[in-house]
């Protein structure tokens, strides 16, 4: 079909042109004498994205799921207990992964659309006098429901109960898009992926690990080799890797980190908030409901939107893709058929958001969903106009 | 700035991914023994785009202006008379070029917003009993005003007056987007450019020339060498060129011709009409006026839109570019500051048109132009929905 | 520095232009309704590369090391015994990986430069009446020493002793370059990587697994989740993946599989043999010795070459890289400083091999190694000429 | 066929990766408000390549032939006399172009293999007391024969005879590869093309024009429009163009100019000399003769090499292309079938030259030409080694 397709799933996200170009290179020598001149500064600058000075960054050729696996196998032993909450497909899958690696998971089930239950966590931690819980898991942004959780609150719960458990954060769909503060929040392992805020293809798990977690690795008995921190530490310190690294991805990552730092992380977060809010204004104008139950949980990277009863979101998404080249996110697991998701993260601007909203309206009309054409787009435009004027004046 | 920019000028147009990829190749050998296997079928298929069996296609490394120059220098002699109409910046420039090459131009001045004055042409041709007029010029699509002219009508005027003048058509912003029929309309030289409907960067003038015009070349006394048809004919017949050709552009052209033929020319034209009409519905919803004075002149490749009095279209275009990464066409010459142009040709779809309309609305709001946000986008959506349902059903 | 660099390490290998172009695409929707139309045929055709009808192919976003891990964790349980041989750095690392996952390794140490000790394997298997050995590991091509082993021989040893152990083959630097016959040789897990014969960047482990091995997965007690076959089987059957796949790599893989099948696997193998033999002729002309101790072990994908005593191969490799942009393989582990390696696999032809040999000669001269300039290149040319004439005649 | 092809024709030359990447971009807005921030510094830096402060640079979308046409049509009038020498196909074609534009050419015919006959020029200019000669043409590097001429000598001849004629230089295959000094040598129009030393695809004529020549434009009566300097001057001064410019080529040109200036022009020239001399050493070792008759005329960008009697260079070139993917230059016009040309200009290094020489030897052996395999490559290696040691030491 003619024209540019619209990719509005919550990852993989659009790869910016400078990142594409940086990746489109002849293959390189993974043991070149000058490779460290490239890799060492990259590791350094990645820490700035995590807002960490004390931590260490790891780059595993894998998806984010591999990052979850690296987090637990390097720090825990069979039978160790972890605390986790299940409120969406991805928080569910991380729990599943822990169980399959022989961990005992104390799992708090929440309604889908809620975030990490900070108060429940606090109660459980307070009750765990024997410190059987070795790690607390928190999904900063549940991609399935468009819910952002309060990681600082989880840290507070740990601190107030003086609980020594490690804090693991799944930041795959938040880091580099929504504020994340590794050191300030005392996060021990943060897991990000290349294909969301880092604006790259899938294929890299990007972790930042605290010194406390690294120290745990010595006694961690879970088997590991591919995802072993120690092999990485030994070779990364000289700028190399324990096995053939995907150098083209690293070249792309360099470009993406440069773009993030040039725009400024706080500007990146503000842009995501502004664009996400534009989408929410449109949803409100359509008289539809977000999956996220409360404003504090609204995600600036993805909105999961309930279709009115009687409409099938799978049919809508299929129609959008086949007829207009627009990719929207499916409803996952128990939300399947009921919600569609608009990903609004990564290399995004007003023009792109308006293209998505306009085309969603066209799709809704085609599917017979009762909305007024132009209503959602108009609400977003009006929001962008009202909040952007000062900025516009400044820019000229 | 973040995100994809919006290129909605009437050329150069967006280069489709397959064309980009086809061009991004290591440099090739311009005299490779197998080059003719590539070039000869390309020439053949280009004729299908012009709807010509009898004509011959030429590829000059130049802009469309070079194509105009090739048209006249190969067929005319100093002092020859040509008939032309001036109703926009590009029809004006072609006249200027003729004069600078020593031709005498009988120029009909029209209001900008009108098309080729077919009746006036007929009168002039009828009066030219001595057949002093050697060529009639017609701009099929005046890019400056968004006006499409009736080329079949010009042919009819020539036929009815039994006038032997050559018919030259500037199809730079129409060919491959709006129906053009070389043989059926008896066009003698058609000039197209790579950067519009052919969806390539600028750099190629693409001409189709009738046998009648080729025969004229023998006696044409205007000086020429770079743009000489004869040198091309001599080398092209074996698949080669008289000087180093831009092979990467030819590879891209192959991809673009393949895309056009795969979609089907009539489908390409229908798509342009549908998308152009969507834009016109939005303009109407904004209560603005097109530069094109009558419906029969509405261009399916570009709309020139009058801003209400008191607003400066240059400021609007600058704001759109700087603040939102949206490129719109300037008002040219006497229209400068008064109109802005939306190019809607080439590799385009509903999603892209809606992105342009939505962002134009945002820009209009920012500039204080009194429109209701969502009105134009909504009108376009509604038009796309109403006219697309049958198609949508068929596609699934 | 000016000009094209020469990448002659044994992986990552040169990425062919069609593969580069196939990968350089806007990001795609990992759950697009038409994705299976792409992925299912890809899985099918990959089996042809492994010469397997009965097996199942898996694509893990990881390096080849991850492929080793997938092989054992899906089929074995803690404490299981495996038989392996150590005759180079990569056969060593696979043994190490097994041990770190809690397996008991019966390891046969060989001299570096020898291949899998088929007779020793046969003796050990014969002696293992209780079938304690659950899997036999064999490295088809030891990249560190340039040694190719006899996998059919290992199968014969298993068959003759009627031993039920699984046969695991590391084919990372052989599959798609040197003949490999999954079904014929009764291989149970074959591990390949994207960055060698598949001519892609690093980032994919490509496995083919027999039904016998898949059946073992049910009772295999080693922990796994990221590398779990079952999750892949469940989602791959519909053309999807259990976590975000690197779609750009898959697009590249499609292009590379197409190239391999178009050339024809037997032609690919013959080309590798011819080019490898050209390198060996040059080595002989230089009066140098290969690391591979016997002709039957000569690798057609990489040659490890001993420098004369008194010369430091690290200095030579560094000089080649810095001064001439030529990348050669380091001597690894106990071979460090003593050998340099020329990778001659993947997207390679005579012109490229001659560029490497010529530049190696220049580097040898610069380093004071006593060779006659032109001797090795000349020997390779003469070999290519003598063996290529028939082919050359046929091609014209 | 597998592997990288070898492009060793004297243009188009290999496009370096940074230039390819710079060109592979989404299409841009030719009237963007920030375009001048890009174009004005580009014009400025191009003057550094021509070694001109006083001149003005022009970029025409055309081949070098268009550059020749621009040179004469902007400065001369019908019937004007020019002095030129014919000693190869390209010097011949420029003369032909002048004649077709109505100029009177005083043409000095030389043997092919000689350069501009400076003494003959001096005699003719001295004899032209009435200053009928308005322009003197000199081809700095005759691509057909591999001959470089003495432009400073031509200037000297003009100065010594106090002749006011303009000096036009065809530097298409020399500028940016061989020293060229616009101001120092008093050149009035220098014509370069994108596809040689500028390492871009064909498609741009790059001119530098003296103030003296610009002043002539006012009275020059040759017809021109597409190639008119005045239209360019009027729009270029603000950073824009009179017709749609090939912006992707300009982006590539920016990258190429950056590469040239970063390497340093004198280093670029020295590299070309070194690599060209390596080729000449090989030719001598093969006991073959260059077309260039004397050492002072040896071209550092292309060598035209006579095959021994009884061999057909067309067959050799065809075999090299079809069998090994090596492109060599044909013998042109009267040299057809007798010589083959090795282009050694642009983005080139020792490794690439050795790949060409090695493959040429293989081709010569296949064709039965009596040479010893390795002899030419060895001679080049030895030359590179002997002359490169000091440099090599310095670089590490």
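Here the chain labels run A, B, C and D in written order, and each chain numbers its own residues starting at 1.
As a working rule, contacts are C-beta pairs under 8 Å (C-beta built on N, C-alpha and C of every residue); 3 or more make two chains touch, one makes a residue touch a chain.
Remember, it's a predicted structure, so these values are computed and weren't measured experimentally.
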Centroid-based (C-alpha) most distant chain relative to subunit C: B
Equivalent interface to A-B, taken from B-C, C-D or A-C so that over half of the residue contact pairs match: C-D
Mean-CA-position distance for subunit D and subunit C (Å): 45
Separation of mean Cα positions, subunit D and subunit B [Å, integer]: 35
Approximate Å spacing (C-alpha centroids) for the pair subunit A, subunit D: 53
Of all residues in subunit D, the ones touching two or more other chains: 4-5, 14, 24, 26, 318, 322
Complex interface listing, subunit A residues touching subunit C: 4-5, 7, 9, 11-15, 20, 23-24, 26-34, 61-66, 69, 96-97, 100-102, 193, 195, 201-203, 222-228, 242-249, 318, 321-322, 327, 329-330
Subunit C to subunit D touching residues, read off their complex: 1-6, 14, 16, 24, 263, 271, 318-319, 322-326, 347-352, 354-359, 361-362, 365-366, 372-382, 384-385, 388-389, 391-392, 395-396
Sites on subunit A touched by subunit D in the complex: 17, 21, 24-26
